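Read the structure below first, then the notes.
Chains here go by letter, A, B, C, D and E, matching the order in which they are written, and residues are numbered from 1 within each.
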Amino acid sequence: VTPADTLVQAWAIDDTITLDPAESFELSPAEFLGNAYDMLVRLDIDDTTKVRPGVAESWTVSDDGLTYTFKLKPGLKFASGNPITAKDVAWSFERVVKLDKSPAFILTQFGLTKDNVTEKAKAADDTTFVFTVDKSYAPSFVLNCLTATVGAVMDSKLVLEHVAPVTPTDDYKFDNDFGNGWLKTGYAGSGPFKIRDWRANEILVLERNDNYYGDKPALARVIYRHVKESATQRLMLEAGDIDVARNLEPGDLEAVSKNAELATTSAPKGTVYYISLNQKNPNLAKPEVRQALKYLVDYDAIGATLIKGIGEIRQTYQAKGVLGALDSNPFTFDVAKAKELLEKAGLKDGFSVTMDVRNTQPVTGIAESFQQTVGQAGVKVEIIPGDGKQTLTKYRARNHDMYIGQWGMDYWDPNSNAETFTSNPNNADDGTVKTLAWRNAWDVPELTEKTKAALLERDNDKRAAMYKELQQAALDTSPFVLIFQQTEVAGLRGNVKNYKLGPNFDSNFVAPVTKD
Amino acid sequence: MSSMETQAPARRANKRASAILKAVVSFVVIVGTTYLGLLAVTFFIGRIVPIDPVLAIVGDRAPAHVVERTRIEMGFNLPYYQQFYLYVKGVLSGDFGTSVLTTNPVMDDIRRVFPATMELATVGTVIGAAFGIPLGVLAAVKRGSLADQIVRIIGLIGYSVPIFWLGLLALLVFYARLGWTAGPGRIDVVFEYTFTPITGFFLLDAILNRDWAAFKDIFAHIILPASLLGYFSLAYISRMTRSFMLNELSQEYIVAARAKGLSETRIIWGHALRNAAVPLVTVIALSYAGLLEGSVLTETVFAWPGLGLYITNSLQNADMNAVLGGTIIIGSVFIGINLLSDLLYRMLDPRTRIR
Amino acid sequence: MSDTTMTRREWLLTDRPQSRTQARLGRAYVTWRRFTANRLAVIGLGIILLLLFVAAAAPLLAPHSPYIGDLRNARLLPPSSTYWLGTDDQGRDILSRLIYGSRLTLQVIVLVAIIAAPIGLLVGTAAGYAGGWIDAVLMRITDIFLAFPKLVLALAFVAALGPGIENAIIAIALTSWPPYARIARAETLTVRNSDYISAVKLMGASPMRIVLRHIMPLCISSLIVRVTLDMAGIILTAAGLGFLGLGAQPPLPEWGAMIASGRRFILDQWWVAAAPGAAILIVSLGFNLLGDGLRDALDTRSGGQ
Amino acid sequence: MNTLLHVEDLRVSFPTRTGVVEAVRGVSFALGQERLGIVGESGSGKSQTGRAIMGLTPQQAEIKARRLEFSGIDLLKASPAERRALRGNRIAMILQDPKYSLDPVMTIGRQIVETLRTHEKVGKAEARERALDMLAAVQIRDPKRVYDLYPHEVSGGMGQRAMIAMMLIAGPELLIADEPTSALDVTVQLDILRILDRLVIDRGMGLVFISHDLRLVSTFCDRVIVMYAGKIIEELKASELSQAKHPYTQGLLNCMPKIGADRHPLPVLDRQPEWLL
Amino acid sequence: MTPALSIDKLRVVYDDFIALKDVSLTVAQGESFGLVGESGSGKSTLLRAVAGLAPVSGGTIDVSGQRLGKSRDKAFYRQVQMVFQDPYGSLHPRQTVDRLLLEPLDIHGFADTEKRIQRALDEVGLGSGFRFRYSHQLSGGQRQRVAIARALILEPSILLLDEPTSALDASVQAEVLNLLEQVRRDRKLTFVMVSHDLGVITHMCERLMVMQGGEEIERLEAGDLATRNVAQDYTRNLLVASEGFVRDA
């Protein structure tokens, strides 16, 4: 039985490899950082097309759309007791840009460079932070990006006590690591919780931050235990050794939901699952084949079985709830139609093709189902199973035929997925912007332009319309067979209250949770 | 007819010295070459695994230039021989590098996960031997009887039932339904704030801390996975015990022991088993080593933060420093156990004792 | 011949065989009789023969397709009169998959046996007979392979060769020879100084000839026994590799892979994993019984007359 | 002379896959405090006779006899525990090969003490004393040293002496020696025989001496039983062996090369089928 | 005439144990030479050294005037063959008599294998009925005959006999000894024979050497034993022992 003041969650947290917000880019740490750090602005989880204040009390956008001025809430403190000032915000931005780790592009896409960052992200006074972007982007885009964990406000004083010296090189011109080494396991934030301890693949402990300015969490601590197996989690939940089980598969989920002592909760997440068709394969490059394959997924059956409770059929690439998301599922399982299309493509007798599938559910199940259904139209799919990183390596090198995978949004804005699915600035093998379109060698200069344009549309409605257009184009021509959008589920003990999953992992807030 | 003459003391002393020297030299050579082999093979594996090691750190969504820079930072742009040289140099100075997955020095990680696995394997082997040996003896003594068949079937099930299946079933029955044991993990979260590991072997730590509540909890956690592993080693140990015992029981000295009027119990436990113990030591050592590396699935099912999981996870992420470190540790333990079993062998068997 | 009245049995059992074939047949017959006297061994043989039969006649026996299932309507059904052993998570008939899977299981076992055992045999006998530095080098290599975590090694091999069941088999074979080498070496050491090997040496036979023609045949029987005992382990290792995506490719009904995918349903739909589990158990039981029987039957030392 | 052992119509058979093997087919003799030799070629059933008396025949064997009695105790009716109490205590047996008959992982001293303490309630120190005395009695020169040696550390002759010490320490009334010297050098052989001889003379023990060496038996024993294919074909006084009537015994005696006798070729035994009956 | 076998200061060392200390001896062609001594005195070692089965660390061996080196070639094995002590251990347990006899012929590339095997079996008095038996289907005496047949099939001129009858019953021993005598006569073979039975040695050999502790202690003619004309106590002991047990007065 778990202690009354502690929420114990079982979750596969083996993807956590760093707790530095400037570096972390995976799912489970996003949740930890989302709870332990505060950003200038936060996503409004009640209306996900909007943002709400975080550290910033209010903000204004200049008329040319280039300057954003944030007014910080007064008298805020970090968990360490240090005051939160605009300097800390500016330094946090500088740190991200100069470290230039994986998520840094979320900020640098606004024109920040190592040389100009101190000018473009600047503290006007203790409570005013001024952020200057290079183009007049849609404000929603800019603000949405700032809700990402990379925008976390760091306790500069604390971090500076822990920087390690490094020898500058051509790639890295600074003489210290901005505390990156320390922050991989350390903590310097101001969120409702502080991170007390992390032991890789074992445990992560959050503790109430008494210096938090907002509503203090009801529980003294939240413990994440690394448990991988769904069945194991279920047994632990049933026995009361955990309060929340986070990786329940459909069967176990169903059992939990039927158990009177337990409850479930769920929320759609910004992750979509898709099958992609490499355009380097001449058969898959035929437009009719691309469309035919979209008719060869048994969406209904998959929805009712393999992803029941953990996903919802979705054939457009924007997640539900994102600005400009198109709710349209035009394809149904239709062998006759697919055959017709294949015949048009001159492949009446089908063809053979390989598909790289990572060894996790539900993708393996979907792949097997797909293998059977395309078989009915004469297409022979050979499944090449592999470990996650292995199939990815192949995928990123464009060496696959078909690939089944998922894509999670980098930040809560339609541009994130639009950019990766429908833009491909340089389709050459050595192209530097390796979007999903690039990975599948889908050369679409027009859509690329359109994606760019949408970014600069400052009228939210018009912007939304532009994204819908892009999604429609993808439905009609893209080599992406979108299948479903992930729903995150959690099994709860009956006495756990106010547990709510957010639309993103960094908005799975545990502060409001109470236990009876 | 060959003679068994006793040797002159002087020659024996001489022989002993040279035997010891020989043993030491061969030990050094064995360990040295085995290590080098391990290093080379692991390194080679790290290069041929078709996983991009950079991917593990930067993730799938990282921009291309970050991927490139990280690759260079990690030294993957260097030619292989240079990488190997750097690696061997590091290992020789006791530095296994840093795990990219956990960001800790590999040595630190191993210090954390290895005791977990070792504790589990040790308790498992103790259980396996405690039950396996008597069962094997029983089967041998009652060869062909129903008891023999039952022991055989028990063993066979141990061989052929997948561990995750049995593991989950055991959890379901003993933990979820009956509540006799604690669930997955090594210790309840309640102790997160009060229990501080010293050696990493939690049972031992609890005793050192005189924390009996924790001891009880730790014991309740370890007993199920350890019994499971114990069952698998039981399968092996009982089978081997049976065959060794059969061999010993057919020896002439058993007839002699009967001629002396000894009771069957004394003949079986005092003579036959004592002789069978000699090869059994090796068997138990081997099964122990097997449990150390082969417990990945148990560790997954029981959320046991052990070495098996660590290596597999690292492998899947091409975290080669961690894989290499783990491999070398397992290799070392293997060599160590082999050596130990050799030593025990010599102690148990006067014929191979260096006197 | 004068005694034409001899029955076939007498002809086989005679201690004065007239030709090489008769001697060989007679010996085989004696072995066979000794084997069949062991009822359990015969049961084991029966199981293996059944396995062979099922594998050969799979298309005739299987009531449904092993590959095509009805995801929508027939997923995870409990055993019933239509689906004797129930259905799996793709709505496929488990019995049919088991039946077809016997082919793969056989393939795994046979291939591992014919790759690993000869390698182990060769390395072990060569090391044991040659002694000296050859022994040291070969045993060092064996030790390195033994000291290596099997999974890492197997993974490396598969990585080098590419995924798929054949490669998984090769990987398992390449990681499972060291124990065989040790057994063969131990056996070789006990016979290498025996008079009959000395006698062959005295005929002027080359070491190669001695190892291949005189020592190896002696080690084979204990090796066969050990290999048959390892069968279940081999099947399960193949399944274990499946976890890492290195085993059988879907939708192949490999038994180990079936258990592996069935484990997700253990708590509610136990039959998905239980059926292939039971199949593996029975087959390995069969091999074990057969192995024990063979050991007794082949061992001329214990059962001379 | 009082009779220690009565054997009447002893039969030992082994069921095997190819039928029943009759190893001993109706052996009868009686033994007092004397040296009885049993000779015969390999496989003639000498050892099985001895083992049947001891109760050491393998489990599957079937033993039948009209009478098998040791100083008034009916051995066939005795419970296993009773027989065990007799073994090593009142009846003892020396096995052929010391190399295989001593437990390799136990010191010689402990093996001797073990016999003693199984049958008598004696303290550790006393048991040790008596074992050392016994070792000395079988003419081991340095008993203290040998006491702590392992079987592989002593020569065959010493091992055989230790074996004898082990079997005699409880003071048996009957000793069955199954080819006790055939693994030893001729010179050592005589030493051992001398020890056995003393025991019979000094302690009044009954001795069954099994051997295939006619010359040895004729010079050592009082009476000799000649066995062939599980049967006794002749029984006679040892000193009269050279006048044996049965052609088999005659043949065995004749076919041995003797120093000084120049017989080329040696006469060979011509087996007759009727001997089997 | 060159001696068939001449050994000079032969030394054999196992690990650090000297099994044979500078033993010399010469055996003339057609002669039969005996070796006696207690167990472990190095008798077998001497024969094995000649056959190339023991580690020679000093001294020389000449066969028919040819100096032998470290390794023996095929031609050597056509000249020198050996029969081992234990008939149960010297035949391969998985091979028929036929296969056993075929092996040497095969190695040396004889063509008329059929005829030779037949003849060899006849010579040792085993009819063709034994040809396809396995060794476990043979009695000890029969096995030793097969071993002798195998040794003779390559038509050697020197036969090394290591206690060829000590594992056999007296009655069988006589048959084997007679056989050996006969083939020696027929083929004009040179024998070097080890036995611990003085009776057997005097029966078979003209000269003999008594060994103890790896050394020669006495060289005798066969007749010396009969007349008890021996110098060493040890030899005398052996003689006494071979008479049987003598009860002290």
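To be clear about the criterion, a residue touches a chain if its C-beta (ideal position, glycine included) is under 8 Å from a C-beta of that chain, and two chains touch if they have at least 3 such contacts.
Protein identities per chain, from UniProt: B, C = Peptide/nickel transport system permease protein; D, E = Peptide/nickel transport system ATP-binding protein.
As the structure is a computational prediction, the values presented were derived from the model and not from experiment.
**Q** Centre to centre, using CA atoms, which chain is the farthest one from subunit D?
**A** Centroid comparison gives A as the farthest chain from subunit D.
**Q** Closest chain to the overall C-alpha centroid, by per-chain C-alpha centroid: which is it?
**A** B
**Q** With chain centres taken as the means of their Cα atoms, state the distance from subunit B to subunit E in Å.
**A** Centre separation, subunit B to subunit E: 53 Å.
**Q** Express in whole angstrom the distance between the two chain centres, defined as the mean CA positions of subunit A and subunit B.
**A** Each chain reduced to its C-alpha mean, subunit A and subunit B end up 40 Å apart.
**Q** Roughly how many whole angstrom separate the Cα centroids of subunit C and subunit D?
**A** Result: the chain centres lie 48 Å from each other.
**Q** Between subunit B and subunit C, what is the separation of their C-alpha centroids in Å?
**A** Centre-to-centre distance between subunit B and subunit C: 25 Å.
**Q** Multi-chain contacts in subunit C: which residues touch at least two other chains?
**A** Subunit C, residues with two or more chain partners: 159, 243-244, 263, 266-267, 305.
**Q** Going by the contact rule already set, what residues in subunit E reach two or more other chains?
**A** 38-39, 196
**Q** Could you say which residues in subunit B touch two or more other chains, in rising order?
**A** Residue numbers touching two or more other chains: 1, 3, 5, 49-50, 168, 172, 316.
**Q** Taking the touch rule as given, give the residues of subunit C at its contact with subunit B in the complex, in rising order.
**A** That would be residues 40, 140-141, 143-144, 146-153, 155-156, 159-160, 229, 232-233, 235-236, 239-240, 243-244, 256, 259-260, 263, 266-267, 273-274, 277, 280-281, 284-285, 288 of subunit C.
**Q** State the interface residues of subunit C toward subunit A in the complex, per the touch definition above.
**A** 67-69, 71-72, 75-76, 89-90, 159, 163, 242-247, 249-251, 261, 263-269
**Q** Enumerate the contact residues on subunit D facing subunit E in the complex.
**A** Within the complex, subunit D contacts subunit E at residues 41-42, 156, 184-187, 189-190, 193-194, 197, 212, 214-216, 218-220, 251-252, 255-260, 263-269.
**Q** Per the contact definition, I'd like the list of subunit A residues that touch subunit B in the complex.
**A** The contact residues of subunit A facing subunit B are 2-3, 6, 8, 10, 14, 17-18, 25-26, 100-102, 104-105, 171, 184-185, 199-203, 205, 223, 225-229, 231-232, 235-236, 238-239, 241, 387-390, 392-394, 396, 408, 410, 432-434.
**Q** Any idea which subunit C residues touch subunit E in the complex?
**A** Subunit C residues touching subunit E: 15-20, 22-23, 27, 194-196, 198-205, 209, 214, 217-218, 300-301, 304-305.
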